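Inspection log for the structure reproduced underneath, given as structure tokens.
Note that the chains are named A, B, C, D, E and F in the order they appear, and that numbering of residues resets to 1 at the start of each chain.
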Amino acid sequence: MATTKLGFIVQRPGYKSENPKLALTHAIASQSVEIYLDDGDEVLCDVAFVGDGVLNCIKDQKAVENYDLNSTESHVKMGLLCDLNIYVCKEDLEKFGLTESDIVLNAEEIGGDMDVKVVPYAEISKMMEEMKHLLFF
Amino acid sequence: MGKLTIGCFASLVGSTNLDFAVKLSGAALEKGHKVDLWVSGNGVGISIEKQRPFKDYSSLEKPLLELMEKGLNVTACEACAEARGFHDDNTLAGVKRFSMDWYLGSTFDADRVLHIGGE
Amino acid sequence: MKLAAFVSDYKMTVDTLDRLKPEKLGIVLVQNGVYHATIKEGGNASSMLNYSADYYVLQEDLETRGLTASDVLDAKVKVINFGDIVDLMFNDYDKTAWL
Amino acid sequence: MGKLTIGCFASLVGSTNLDFAVKLSGAALEKGHKVDLWVSGNGVGISIEKQRPFKDYSSLEKPLLELMEKGLNVTACEACAEARGFHDDNTLAGVKRFSMDWYLGSTFDADRVLHIGGE
Amino acid sequence: MATTKLGFIVQRPGYKSENPKLALTHAIASQSVEIYLDDGDEVLCDVAFVGDGVLNCIKDQKAVENYDLNSTESHVKMGLLCDLNIYVCKEDLEKFGLTESDIVLNAEEIGGDMDVKVVPYAEISKMMEEMKHLLFF
Amino acid sequence: MKLAAFVSDYKMTVDTLDRLKPEKLGIVLVQNGVYHATIKEGGNASSMLNYSADYYVLQEDLETRGLTASDVLDAKVKVINFGDIVDLMFNDYDKTAWL
């Protein structure tokens, strides 16, 4: 019975790179990792958006309509539905003049219970300390 | 000796990130470590057979095959490969294809993880 | 020359625009370049908007990122679509630069 | 009506540069222009058949085929494709493969050229 | 009998991107473009290295030895052998503390007659004005 | 944590290093990151060298770019090879960041 914690840190905006999406889809894959592990073992993934990465969280992304591509927003919602801890850096939102009303905060419409956590960078820093491994995107 | 899991999401040709990942894998194997290499995103380009070796382009089929002989464990993201038109029938012999959970599974007992992003 | 320059990133790694001195310059904000039109960082508009140029921003790329014409902060930036880009290239400019 | 030559060197999935190139090609054709699309470097990824369409990845096989029906002229750099393990036998029907001189030849009588770099 | 002139502008360093190499190989392809043209017609390509792009021109690149990859330096030499005009921005070299002795200047050892032209940016700017089309890398 | 950060670009588009405060930081200059060790821009050493960190630069990536150990401007930057990177990762650091 062991747990390995991974921290996914998204530092760059989306669409111009596949990385932010892949960060989320890989973190979501923690839902099915058991097939590779012994009973009771698990891998838990936290995701944090920092720097320009917070731009990935602006809501109402019309990527399907314009590029026939699932939006990064929809991947954030999937992450919430899968009960991932998803952090967004408060200071970086403020730097861009964005507020909580500008970003995706929950996944209620698809039945998600978790909320995006808008937190000071210090809390993301603490999360990074607690993780066994970090993956920067 | 430990276990190193490397993830690389960058193209076969371009950034030389995959060249870096392959060389680092070789160096770690040389030192007796176990190495898992996960390729996802554009990194799945390394999983295709019959790359024609030109000196103008990074050509990693040969070094990858050599390292797999020495125990390197290479797995490509299946969905990322399929989306690009890379299928089972032209996958390099010895390279496995699984879902993204394979990468997480590999990190479970890894002593070190180096995640190299892509474009 | 009359140059249409496409800016596709928010963080630029080249200073090419600072040195080009075309007779006429158009800056077309596409992909992550659209953030130059919509974001003030620390209260300041992007320095990308400081050139002596005509400015355009691609509607499809705004929308993809959760932004709309009403998020464009400076009226000098005109919201356009792909068809408009074609017309600009053929009618208003003679050379292009994708930066 | 004029002729537009677009060169795109970026990956099928990732930067959406190829999506941009395809959409711009469509818009130019719509307005009656002739359009040549040259893909080189990682851009040759668009020339492969049987890309499996997932909504999580840019999928350009279908729109490209539709635009080729409308007259879009698409050529992929042969060496760039071969180096990546993309060969004649899995090239999308209608996409040509030539050397880099084809791109220059296309620019010769082009009224406008848009060169979109890659990673 | 017509000539179309293309200007290839390399703004970024090499190896981390395929672009600088592709700029040179595409420009060199002007040697064989005749097969697509009428008799007497031609496409001429000038190449200019500006900004961080001048780092591509540092000599003694050991890319074959380390990555089994032809160096950007070798492509510059091929360009000279094919009689391309290759410009390097003087101000940018100076900015980096580089001198002509640090960069590839000719292709004598493979029989090239042309030299790299280290010129003020103003001259590259003039070249760009004269070209019919520009390609930025 | 003890973090080995890999810097692979000369022009950085992220400020992550400015904010990370690990107990021990190693900065490994690879790919175009090696220029931080060899170039003064306008006479000034790269600000990448200003962190409180142990510095390493990859010999293979120096050589590929026409540079050698003698081009490294600051003695605090140690020239290493791929094998050394493996040892650093396993012996001196517990987490990594590829920036």
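The rule is short, and it goes like this: a contact is a pair of C-beta atoms (placed from the backbone, for glycine too) under 8 Å apart; a residue touches a chain by one contact, two chains touch by 3 or more.
As the structure is a computational prediction, the values presented were derived from the model and not from experiment.
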Along the graph of touching chains, what's the shortest path length in steps from subunit C to subunit F?
1
Would you pick out the chains that touch subunit B and also touch subunit D?
A, E
More contacts between chains, A-B or A-F:
A-B
Could you tell me which chain lies farthest from subunit A when each chain's centre is the average position of its Cα atoms?
E
Look at all chain centres (mean of CA atoms) and spot the one farthest from the centre of subunit B.
C
Subunit A and subunit C, separation of their C-alpha mean positions in angstrom
29
Distance in whole angstrom between the CA centres of subunit D and subunit E is 25
Roughly how many whole angstrom separate the Cα centroids of subunit A and subunit D?
33
Counting only residues that touch at least two other chains, what does the list for subunit A look like?
15-18, 25, 52, 67, 69, 132-134, 136
Touching two or more other chains - residue numbers and ranges from subunit F
8-9, 11, 13, 31, 60, 96, 98
Residue numbers of subunit B (touch at least two other chains):
13-16, 41-42, 56-57, 59, 112-113, 115, 117-119
Taking all chains into account, which pairs touch?
A-B, A-C, A-D, A-F, B-D, B-E, B-F, C-D, C-E, C-F, D-E, E-F
Subunit B contacts subunit F in the complex at 2, 4, 15-17, 20, 23-24, 26-28, 30-31, 33, 111-117
Which subunit A residues qualify as touching subunit B in the complex?
2, 4, 6, 17-19, 22, 25-26, 28-33, 35-37, 41, 43, 45, 132-137
For the complex, which residues does subunit F have touching subunit B?
6, 8, 30-31, 60, 81-83, 85-87, 89-90, 94, 96, 98
Per the touch rule, the subunit F residues reaching subunit C in their complex are 9, 11, 13
For subunit C, which residues count as touching subunit E in their complex?
1, 3, 13-16, 19-21, 95-99
